[in-house]
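Each of the next two complexes has chain A plus one more chain, namely chain B in the first and chain C in the second.
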Partner chain A sequence: MPKVKIDGRVVEVEPGTTVLAAAEKAGVRIPRLCVVPGLYEGSSCRVCLVKTPAGRLFPACNYRVYRDEEFVATSPDLWEMRRVNFELLLAFHRIECWQCERKGACSLVSLAKELGVEGIPVCSECPLPPSECLLRRGILCLGMITLAGCEAECVAGGGECWGCRGPITRADVLERAFKRYSELGFDVTSVVSKAEIFWNSLDSFGVVKSVAGRASGGGRG
Partner chain B sequence: MTWTLLDRCCDRCTHSVENPCKDYVECRLNGPLCHEDERCRELRRRRLEELAYGEKGAKIKVPMASCTLAMGSEAVYNAVLEAVEKLGVEATVTISGCYGMDFIDPWVEFSAKGMPTAIYARVRPADVPKLIESYFIKRDVSGAFALKERTGGALGEEKVPLLSELDFWRKQYKWVSRNCGVVNPESLEEYVASGGYRGLSKALKVGPERVIDEIQKSGLRGRGGAGFPTGLKWKLARQQPATPKYVIANADEGDPGAFMNRLLAESDPFRIVEGLTIAGYAVGASQGFIFVRAEKPMMAKRLRRAVEEARKYGLLGRNILGSGFDFDIEVILSAGAFVCGEETAMIAAIEGKRAWPRQRPPYPAEKGLWGKPTIVNNVETLAHAATIMAEGAEKFAAVGTERTKGTKMFCVTGNVKRVGAYEVPIGVSVRYLVEELAGGPPDGSKIKAVQIGGPSGGCIPAALLDLPIDYETLQGAGAIMGSGGIVVMTEDTCMVDAAKFFLTFTSAESCGKCVPCRVGLRTMWNILDKITRGEGTEEDLHTLRQMAETVRSFSLCALGGTAPNPVLSTLRHFVDEYMAHIRDKVCPAMVCRALIAYRIDEERCIACGQCAMNCPVSAISRVESGKYRIDKEKCISCGICFAVCPVKVITKVPRGSLGGGHA
Partner chain C sequence: MAERLVLSLEEVPAVAGKVNVYVRGEEARVRVEFGAVQEPRFFERSLKGRPVTQVPWVMSRICGVCSVAHLTCSIEAIERALGLEPEPEVRLLREVAKGIEILQNNFVHVLMAIPDFTGLSNVVEFSKRYPKIFSEMISINKSVLGVSNRVCGRFIHMPSLGVAEHGKPISGSELEAAAKELEGVGQRMRDLAAELSELWRSPAEGFRDPAPTYCVLDAAGDEYPFFSERLRFSDGTVVEAGSYKEAIEELKSPYSNAHYTLYKGSPFYVGSRARLQAYARMLPPEVRELEGALRMDPANPFDNVAAQYIETAWLSEVLSGMLRELAPSIRKAAEFRALKDVPAASGEGVGLATAPRGVLIHHYRVVNGRLDYANIITPTVMNARHIEVSGEALIRWARERGLHDEWQLKGLVAALVRAYDPCLPCSVH
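== the complex of A and B ==
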């Protein structure tokens, strides 16, 4: 049986096993997204790419092992490129988790956290059903413009978000969020003044303020 | 009916499609082989002469390929037929392929016994009667573009150069394109008369292993771009135990600026059919496919016809040339996506699925069409294989470099005097192709950059023109040899705009299967667009580079893997130009619309009003002096006034230099 070495750990697998399955057996976590065994062959999202010692890249979900081989699944450059690639995937995804049925309980969001990609709001982790949304009850919550990171216990416990994890800096996400605030009847300036409490000293707050400025200007015009 | 070379000479010949003779091909030219008869020999000699000079001793050849048709060769053909009848000239009118010299299209070629064969360039239908009269009646060739030989049998011969004396012809090495423009592409007889099918005949006699040996000995590498050794590919497929096996000819040429495959298939289609048959024999396949781009209908038509002709004479079908080898070919039209040129996408398309590439391994040589061992070869590679089998590996390997043998066809387009397809030994410099063969820029301006390898290739600057063209050297400079398209750009080309142009193509052609190519190319295009609008930042350059690297290494197939090359190579060689757009908001080549403005020199303006009449936004109006002036607030920099001004007094200026709100 072929021996596969992944990040230094060696496992023996049946010939024809994918690198992904071998890595699981070896206890090495490889991020993945598009592959659904038996349904979709994978190799589309390029999140699970692993490197051979010769520097060639192959998707772990699709590459089958027939002889002894060695792969790198975790290295700084691989991780960095995976992150850029994943940002590309998010770039055309409407991140409106607060409107999404799954409320962020999806593999996209968990992968974003794993890869350290920002742009996902705290709301995405909110375990409460949409009808319980504080904003709909008229309570000004900053979840829609606050970075993911914490387990959002305050929100789960019924308290509104004060933005302690810092602002999202992606203009497109912010724009949609401010539009949503307006739709729900919140004044943009009140959102910004609430955000000042934690964010006033942050450089990234500038982005939020400029988007907010445009949003309120556009609202009046 | 006239006897043709492909027919039996007398009753003693036992050849038929059902019971083929193994010496059929050799017997056409050097026969008869199985019996001795001076009359049969004479029959062949007379027919060969007829093919050269027509049945009436005089021949007029009009090229019929897409390139010449676009320049009006069909009208010329009709004019020839009419003039021949009117003037009572006894000449056979026939068609041919294209010489690859697109700057003389449409051309005609006259030949007659005792006279030099003459080529006339840029012929208009109205010129035809005059030309025919002077050549066939007055026997005067002084108006010709070039002669093929001198015989002393015509007037004015000394005034016309020989084709073989002209630089762009003399400096080529015609190997695989030897028949292009010479033979009638719709006639199997002319192909056989020019030495065709000797390669297949020889291959069938020596056996598949020796064929693979011969191809390996020649050092032939794939001409589609990747440069994989052809012999090795065939060997790997041959070793596969699974059956049946398939061979595919990749005629899905889609790069902007590349047309050598089209030219070859339209001018010498039988060579490709022969090459594919040899490949099928070598790997042990019994079915071949030619995958042709639907946008090149003439190419498909010629290849289809060639397959039918070959089948009719038993060169395809059962028991080819008595060897026991069965093989047939089907011509398949692509749906016209650039990605179909990628072998796994092509295989999916032939299977009737959506043309999506898939991850390799397994490689097609192991699991290809319908899961069976399959080889995919570029049509030029196959034509090379046929020629190698006929002429021998040594002759092929006599030219080229240490690592890459033989010749390659290149298409030189863009700002050059002689746009066309040229065949040269691999290893000649870029300068040789662009300046000595294509003649450099027409107005004497300076070459700024050369894009090699189409949208998957890279731009190399004028300083690197002396680089030899082969697979490895160009890669070092950030370009690729690719399929062989070369676009020459002069000082009036903006490199950022050029990179954007190629990305416009590749991002539109991305199939969308994998993330880096689908989203990455689009995002890169957005950044380039931002820079050409003068809104870029230095941070954008960093993002662009990072994104290009990610797309290049993360993409599934070669489309995404090579698409960032134009961006990476221009960033490497022309970063100053990017910086000018970003920092100074200036487009040095005066191309990017958002960064330029137009100004009328009122001193020299003749007040004709053409500019004002044609301005789409009414930004040009008459001032007190009676001259015209452009309102910079209204102007959209479309450049129409610049183009229509009869005295050329409108100039491009950097938009910032006008002051006001646009700086």
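== the complex of A and C ==
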């Protein structure tokens, strides 16, 4: 049986095993997104990149081993490449976690966290289902425009988000968020006024204000 | 005569924030200066013009240690100013939140100050010498924090508290569980006191308060006053919240950014020691026994630490009782978050809260739903001058007893300052 060495750990596997499966056997974590073993192995996301010691890159999910081979799965350049690949994918994703039923069970969100990609809103971690969103009850929650990472502590604790983790800066997400605010009857000025409390001295607040300005039909920003 | 700097404590360890204590002058005319090192942060002025619903959330940032005191006192002031009446359950949960904070802050401070009462130089040494007691104290603290998370979402800047609302839905069985946990805390504290009793020695036994006037919130009947509409001074004077300025004179310290206060031209004190004296009649007998175990002398400012311990044990009973009372009728809790709009009205209101370190005052004027004026007086501001006169008396007292060693005098003054549990961030809000 071929011996596979991944990040220095050696495992014996059946011929034809993918590097991803071998890595799992060796206890080495490789991020992945598109693969569903046995169902889809088309390697489209390229989040699972690994390399040989010589620097050749492969997607771990569909590279199969038939002889003794060695791979690197953990290195700063690999993480950077995976992150960039993922960011490109995320750029096409319509982020609207506040409307999404999956919430915490979303693999995009968990991968974003794993790869350190910012731009996902607090709503992705919110314990309330979309039907119980505080905004629907007239409570101005800043979760839609605030960076996730706190497990939506305040909402979980019976309050609303005040934005302490800082603003989302992706304009399309902000645009959809402000659209949602106005659909639910919150005027842009009150959102900005609340956001000011934590964000007033941040450069990134400028992006929020300019999107807000456009949302309210000019004026601000 | 030029003053001679006798002692200078640039920093008193185990005190929240940085404090300078200078002791100047000759034998007979010693003078203590207590001053905060922090810069003022202008909370009162910077919030002018903001919607009042935002105000409590920002005011709670005055202090990370007693954030609930500022949060709730701010909420109370707004409700008074706008004539809003929270539902009784909301009020009760707010009192529980306030109580948990007093309990936890007191307890942690006892732990910070314990070396002073056991002749050790710091908490690490204490933890090594008495690992069992130390780990029990840490575990009690953990239980208390667990209760606060369960009832209020989080211990610091509790997200569930708001103007006329309590946002966290909570079930009767959760309240029962919290009550049980707190009951356990009370029992564990009484057991622990028996062990502490063996070690507990006052650093200045027999020292007496040179200025025995104190101030607390006026209790309605026999209920612990987490909030109140009146102040009560130890001379029997009762002052309506709205008239606090007639009784309490707030002055700027000449040598620091902090303020200090006087009552009838003299210093007074606030905090656990004041509360235990004022509310002595409410103490259940099993809690009273702790006074004996810790040999508490209410006239000795050092014994504020013993008072904190006793009050903690007492509050765990008070709070578990409140939670039990609340449990059967809590079904409505999920609807507490119903208040969507705080009216854009005008008015003036003074919130009075019992903060862990003493009386806290938030005074607001609201114009069209926005904050127009704010004045905040914190417990450490009220204690500031009292710390100085006690310090001066303490040095004279120690010298009369033949203590002249500078190092020892410094240690004693530091222990005195610590006993007041001052919070410097609060004093330079």
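Descriptive notes on the structure:
Methods note: the second predicted complex is superposed on the first by the 215 of 221 C-alpha atoms of A that agree within 3 Å, B and C clash if a C-alpha of one lies under 4 Å from a C-alpha of the other, contacts with A are read in each partner's own complex, and residues count from 1 in each chain.
We take it that a residue touches a chain if its C-beta (ideal position, glycine included) is under 8 Å from a C-beta of that chain, and two chains touch if they have at least 3 such contacts.
Predicted model only: the values in this text are computed from it and were never measured.
On the superposed chain A, the two partners chain B and chain C both fit, without a clash. Between the C-alpha centres of chain B and chain C, as viewed from that of chain A, the superposed structures give an angle of 160°, to the nearest 10. Shared-chain residue A:158: touches chain C; no touch with chain B. In the superposed model, A:138 makes contact with chain C only, not with chain B.
Of the two partner chains, chain C is the only one that A:197 touches; chain B does not reach it. In the superposition on chain A, A:52 contacts neither chain B nor chain C. The superposed arrangement places chain B and chain C with a least CA-CA distance of 37 Å.
The residues of chain A shared by its contacts with chain B and with chain C come to none at all.
The touching residues of chain A, when paired with chain B in their complex, are 41, 43-47, 49, 57-59, 62-64, 81, 84-85, 88-89, 91-92.
Across the complex, chain C meets chain A through its residues 50-51, 54, 57-58, 149, 152-154, 158-162, 166-169, 337, 340-341. By the touch criterion stated above, chain A contacts chain C in their complex at residues 134, 137-139, 153-160, 162, 190, 193-194, 197. Across the complex, chain A is touched by residues 358-359, 361, 513-516, 519-520, 522-523, 546-547, 549-550, 553-556 of chain B.
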